[in-house]
Amino acid sequence: MVTCNNISLDQKDIAIETRDLNIYYGSKHAIKNLSMQIKKLDITAFIGPSGCGKSTYLRALNRMNDLIPITKTTGKILFDGININDKNVDLATIRQKIGMVWQKPNPFNKSIYENIVFALKYYGIRQKQILDEIVEDSLRKVALWDEVKDRLHKSALALSGGQQQRLCIARAIATKPEILLLDEPTSALDPISSGKIEELLFELKQDYTIIIVTHNMQQAGRISSYTAFFLLGDLIEYDETNVIFTNPVVDKTNDYIMGRFG
Amino acid sequence: MNVKVIDKIATVIFYTIAIIITLILFGLLCFILVKGLSGISWDFLTKPPENLRAGGGVGPQIFNSFFLLLLTMLFTIPLGIGGGIYLAEYSKPNTITYAARLVIEVLSSLPSIVVGLFGLLIFVQKLGMGFSLFSGALVLMIFNLPLMIRITEQSLRAVPVEQKEASLAMGISHWKTITSIMLPIALPGIITGTILTAGRAFGEAAALMFTAGMSSPPLDFTNWNPLAPNSPINPFRPASTLAVHIWKINSEGLIPDAAQIAASASAVLVICVLFFNILSRWIGKLIYKKFTAA
Amino acid sequence: MVSRHYFDLELESLHQDLVEMGSKVQESIDNAINALKNQDVELSRQVFKNDDIIDELEHKIERKCINLIARQQPLAKDLRSISTALKIITDMERIADHSADICELTIKMADQKYIKPLIDIPKMAEAAKKMVNNAIHAYVTQNVELAEKVCADDDIVDDYFVKVVDELRELIRENPDVVYQATNFILVAKYLERMGDHATNISEWVIYNVTGVHKDLNHDDLTKIKVNK
Amino acid sequence: MLSIIIITVITYFIASKGLSTFFKNGINLFDFLFGTQWKPEHDTTPLFGAFPFIFGSFSVTILAVLLSTPLSVGAAIFMAEISPKWGAKFLQPVIELLIGIPSVVYGFIGLSIIVPFIRNTFGGMGFSLASGMIVLAIMILPTITSVSYDALKSLPSGLKDASYALGATRWQTIYRVLIPTALPNILTGIVLGMARAFGEALAVQMVIGNVQRLPSSILDSVSTLTSILTLEMSNTIAGTTYNNALWSMALILLLMSFVFIMIIRILGKGSKLNER
């Protein structure tokens, strides 16, 4: 298997690092011996055809695969000097620091306000003033504040798809995470809303490390600085997005980028 | 024959079938209501039944039906929801879970008379509860538990997985996720299902004949001591429900106006069941609206 | 859907690179002419150095354009902007090359006394430089009128070229000893004339960028060329 | 967990009671299952031939299913394919209401309408196999209809479109494409209906006449396992052979419902295999 991982970062630039990660999904070897470093405060995109393992890997980064009993994960995922993949790790802390946004906007069946403060309250923040501040701050960051400030206590489900997705991002950043994991965050949205989200991510990368899984190769090209191409559980090529999109080293990457994948 | 002609004929046949079924239901409803409503009066609804003479009422039976329903639901709802949560969220895909599912399926398709006979054997005879509301409620619980578990499980499973993941991904515990995020979403389904279950319990007779008994002691509605034998709220007294009463007067036929009383009692029963049905739709819609309203 | 914000930022930086390259090219022409007039070898060498920088700039802009095309899939106006940039950097680079070519001749003739004082060549250089300046300015301001004026000005440079060549022919006929310098000056004139052509090309692309229509305003009417007896 | 215990206890107790007929009271299993004489209270030679009841149960169930299936599958097709608008608006609530009506009410209606109708039209008592069949058919109709409807609804819509696109008429599409594909699930509905019919006690007991012998025509009165249990259980004394024989019948009912579940499981597996 020809593979090429050209990204080697200084320790201070690494947001999260994976070493010899293997993920098994039942009898399927979903991620094979993966080692990669992800740059801090930047956007890294995972691309590849369906079933290549990119989403599985993403979900491993905040242990969401624990929900699927038949998955088994071995190897190390280093974040803030600890191995996330350790059995004894406090999941709540990890997930608080590594937020996630899904393909389909999934606001809770609650008001806009409640959506954002739900986790905060769970973590014991009770003072209304602090909660109000975080709500406003988070909504401003996702450019939603002006659209919803007059109906904070109305149901979040009444928002449009694009607004819902921005709310989900706001909800994820309300707990002040360091990393945001996005699993195809725009594939359920119309082009205009997708554009807004992309632009938003571009702004957010100043404060957060963003890892995005996308089926939409063009999207990866537009917003990411680094791109990793996965195929059948292998990391085929990982490099700066410019390189991946103009001069990939591995033929398979080339074929995929050119849309010649059979 | 031309395929198009066959197609036309088939269509006509399907329409006929649909009309027949609708007519059957309306026939049934009209028959019961027309025949029954004439016999319904305040007296009928409150007076105790007569054994040999005409003019008896079904007051105690109506009370018994509702009281039994209350008792049953008291057992069924917590156990059913608990079981549903366990199966939907905590069970691992292993042999025990598989067996539990199979058993629930079997249990839900047991003939009610078999469940009733079991109740007779265990609660009435072995555990010495005698013919009592309590035995009846336990039997109805066995009868309804599988349905309740299944409804809860299905409602929880119908909660979009994204909702659950969103909550867990923020580090919120599984139990908190279930109670704060998933149950509210599953609630309309659970409530609708519960009311339908209640309707089923309300009309059940075969399982109760041998457990709650086929007769009621004279009740004194002023006696609220739950231990007195003639107190209406004593759960350990025998009690015939509306459905059992209908069966009894029809098969024994000792009273001269049996047919009229049966018709009226049936009407009351059907009205109650219809009421449950409409209530469940209404509540379902209401909750749905409340959750999705802007 | 293009993430405009990011794309606009990239386009802006591309723009700045082009302006930088333009000013370097103008500097090259200026220096080449001054070096020729003053027989300044040092300045000539500086032009060579400048040419290397310009080549590098060209590559940098080229990469930026290719990355933008690969990653942003620009369409319509965006696509025209980027393809225009790709085309005009080639012309600019050629202009800088011609400046370097002139300097090469300057160095070759550095220790010779010129056969005559330079009169028309500096004027022609001035006109060509003006064209290049205007073309770059037209790109920066997206000014179609200015671009059209550049194309019209090409005739002035062409007229100078005919005039200078005729004059140099006359000199050779009078005194064949001057043939070495005279042919060199003819080459200088040709380079300047080519600069004008490249400036015209740039202007044509500017017009294309704004209007979407590519008009060929460069070539002289070839049917009018007559046999010279 | 609780339900496992419940089912085990149910099976254990009913089995122990039911089997004691054969072990304690020394009744031959074969005689019980296939004996046609039921004279439990005969002084000298009591006979415990349960065959008339077993036969009654099976015959009334099968007849009811035969009567009900065309109607209910037809109704399901009507709702799913012919007129979804009317189906959803009208027929579906009707079906749901029919499910909700208690079985004693069905029995009472059978008693007041169907029995007199049969008596007046065909003669005889009116309490007959035919009455039981009609009452049960109406009772299981909503069960079969709703399961079949779900089965038809859950078919991928591409299937139907493909058939229409090939120029098939609606009937051809239904008959050749939709029904065969949904068949395992429709069969599941039918088996569920059968299970319900087989276990139904009161409604049947009220209209079927309860004569303890083999019928010669469908206008004859019969008894079923459930009807005899309903009537006799409270009249017998626990521990007697008579009483134990009744428990044996309850055991048969229990085992039959296991059988129905097995069939449904097998059908379910079949339909999953088809999907692959």
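Per-chain numbering from 1; labels A, B, C and D assigned in written order.
What we mean here is this: contacts are C-beta pairs under 8 Å (C-beta built on N, C-alpha and C of every residue); 3 or more make two chains touch, one makes a residue touch a chain.
Being a predicted model, the structure only gives us computed values, none of them experimental.
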Shortest chain-hopping distance from chain B out to chain C: 2
Central chain (by mean CA position): A
Chain at maximum distance from chain A, centres defined as averaged CA atoms: D
Interface with more contacting C-beta pairs, comparing A-B to B-D: B-D
Approximate Å spacing (C-alpha centroids) for the pair chain A, chain D: 55
Whole-Å separation of chain centres (CA-atom averages), chain A against chain B: 48
Whole-Å gap between the CA centroids of chain B and chain D: 20
Centre distance in Å when chain C and chain D are each reduced to the mean of their C-alpha atoms: 96
Chain contact graph, described as a line, ring, star, complete graph or other shape: line
Pairs of chains in contact (touch as defined earlier), listed by label: A-B, A-C, B-D
Touching residues on chain D, where the partner in the complex is chain B: 1-4, 6-7, 9-10, 13-14, 17, 70-71, 74-75, 77-79, 82-83, 86-87, 90-91, 94-98, 100-105, 107-109, 111-113, 138, 141, 145, 169-172, 174-175, 192, 195-196, 198-202, 205-206, 226, 229-231, 233-234, 238, 247, 250, 253-254, 257-258, 260-261, 264-265
Complex contact set, residues of chain C against chain A: 1-7, 63, 66-67, 70-73
Touching residues on chain A, where the partner in the complex is chain C: 191-192, 194-195, 198-199, 202-203, 218, 221-223, 241-242, 245-246
Chain B - residues contacting chain D, complex: 3-4, 6-7, 10-11, 13-15, 17-18, 20-22, 24-25, 28-29, 31-32, 35, 79, 83, 99-100, 102-107, 109-115, 117-118, 120-122, 125, 142, 145-146, 149, 196, 199-200, 202-206, 209-210, 214, 243-244, 246-247, 250-251, 259, 262-263, 266, 269-270, 273-274, 276-277
Chain B residues within the chain A interface of the complex: 92-93, 160, 162-173, 176, 180-181, 184-185, 291-294
